[in-house]
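Naming follows writing order (A, B, C and D), and every chain is counted from residue 1.
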Amino acid sequence: MKVLTFGIAKDIVGGPEMDIPYSEGMSVLALKKAVLKNYPQFEKLNSLAIAVNNEYADDDLQIRPTDEVVLIPPVSGG
Amino acid sequence: MKVLTFGIAKDIVGGPEMDIPYSEGMSVLALKKAVLKNYPQFEKLNSLAIAVNNEYADDDLQIRPTDEVVLIPPVSGG
Amino acid sequence: MEKKIDIQISDKPLSEQTCLEFVAHPGAGGIVNFIGTVRNQTKGKAVIKLEFEAYVPMAISEMRKIAERTFQQWPVQKMAIHHRVGTLTIGEIAVIISVACPHRKAAFDACSFAIDTLKETVPIWKKEFFENGAVWVAAHP
Amino acid sequence: MEKKIDIQISDKPLSEQTCLEFVAHPGAGGIVNFIGTVRNQTKGKAVIKLEFEAYVPMAISEMRKIAERTFQQWPVQKMAIHHRVGTLTIGEIAVIISVACPHRKAAFDACSFAIDTLKETVPIWKKEFFENGAVWVAAHP
């Protein structure tokens, strides 16, 4: 599964997206765990959210294969 | 003594200034009383302040003949 | 010394851009502008136009006092207060207050204080014109 | 129906005038604009430039949610939120939030709420560049 990255997440991953093995019915929480396992530097961030189809996603949301999934490190606009 | 008027004070007095008899050492309070005696409509206003030389004046300030004296009805700028 | 306060009373249309350019400061992180515009109604009665009259030298002096008090109470870097006089139609700008601070919270508080105080102390008078008549605002209870 | 909300993300310089013209409303008595500008320092370290990156479709969506919440909580008539992306130098405008209300108190509160919320929820990231290095703001404790 392709996961898009922005800001410091892009720096950590070394590019604008990362690949995470997808399994049917995978939850947002499972995705976060997979991200942290592959890139432990995310542990050091103030927060790490996941957006699914342009919305902040709860941990128990199940990801579908067609969803647009994005890592949201701490925001700092304004 | 010439007393300048603005806003509704100008309408009440019927012009941009009024004449009030001046006596040596006259206080702001005495001036206010003279104004109210000549133009009772000022009683109906929300407030009536006197400015002497571009500053709000306390009631006990003594007015000098050379002072610029202005009636300040309720302000409504902004 | 760089000028930190800009006070103006004008019978020409006010420019927010002018205020913003004046308060611009390399150390500023938050600028808050208040823009008072002429509303089309007061308590349900249609307003046709407004007239503002000022006792100009004292109004300038009182506006400067407000700015100085604002500088004393908040970490303000620059501040502009421009007030219009004369005849204004609906939607025209009556007053602009611009405040630049390092952080936004102070800028909001300072700007809000400044407009509240201006409405209480600055000798400027507003006359509202309706279809049938006109009143000096706030004059009577 | 007349458009009441204007949301923009742009890599071109933002215009306060554009926001003000959008929010102008004949029933508005108070317009409050927040303008966030690039400061020359952070905690005493000289900032050379900033870069803003946005996840644009979601940022637009979150900015619109903020505007809609603001309309629900205050008697807002019109509102604009414009955010810049790309490289900005000191003094440039990063964000403008304009709120028009019948009365000023609501406009101050609504504008303050909107910028506070924007900084918490909108997926935009700021990188500060210093003499020797750069950091993504707020990323680490």
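General observations
Rule of thumb we're sticking to: a contact is a pair of C-beta atoms (placed from the backbone, for glycine too) under 8 Å apart; a residue touches a chain by one contact, two chains touch by 3 or more.
Since this is a predicted model, take the numbers as computed values, not measurements.
With steps allowed only between chains in touch, the distance from chain A over to chain C comes to 2. Look at the CA centroids: the one farthest from the centroid of chain D belongs to B. Remark: chain C and chain D have CA centroids separated by 23 Å (rounded to whole angstrom). Our note on geometry: chain B versus chain D, Cα centroid distance of 48 Å, whole angstroms. Here the CA centre of chain A is 71 Å from the CA centre of chain B.
Within chain D, residues 36, 115 each touch two or more of the remaining chains. Counting partner chains per residue, chain B shows two or more touched chains at no residue at all. Interface residues of chain C, counted against chain B in their complex, comprise 36, 52-55, 57-59, 61, 83, 94-95, 115, 118-127, 136-141.
By the touch rule above, chain A contacts chain D in their complex via residues 4, 6-8, 10-11, 44-46, 51, 54-56, 70, 72-78.
The touching residues of chain D, when paired with chain C in their complex, are 16-17, 20, 24-37, 39-41, 90-91, 100, 102, 104-105, 107-108, 111-112, 115.
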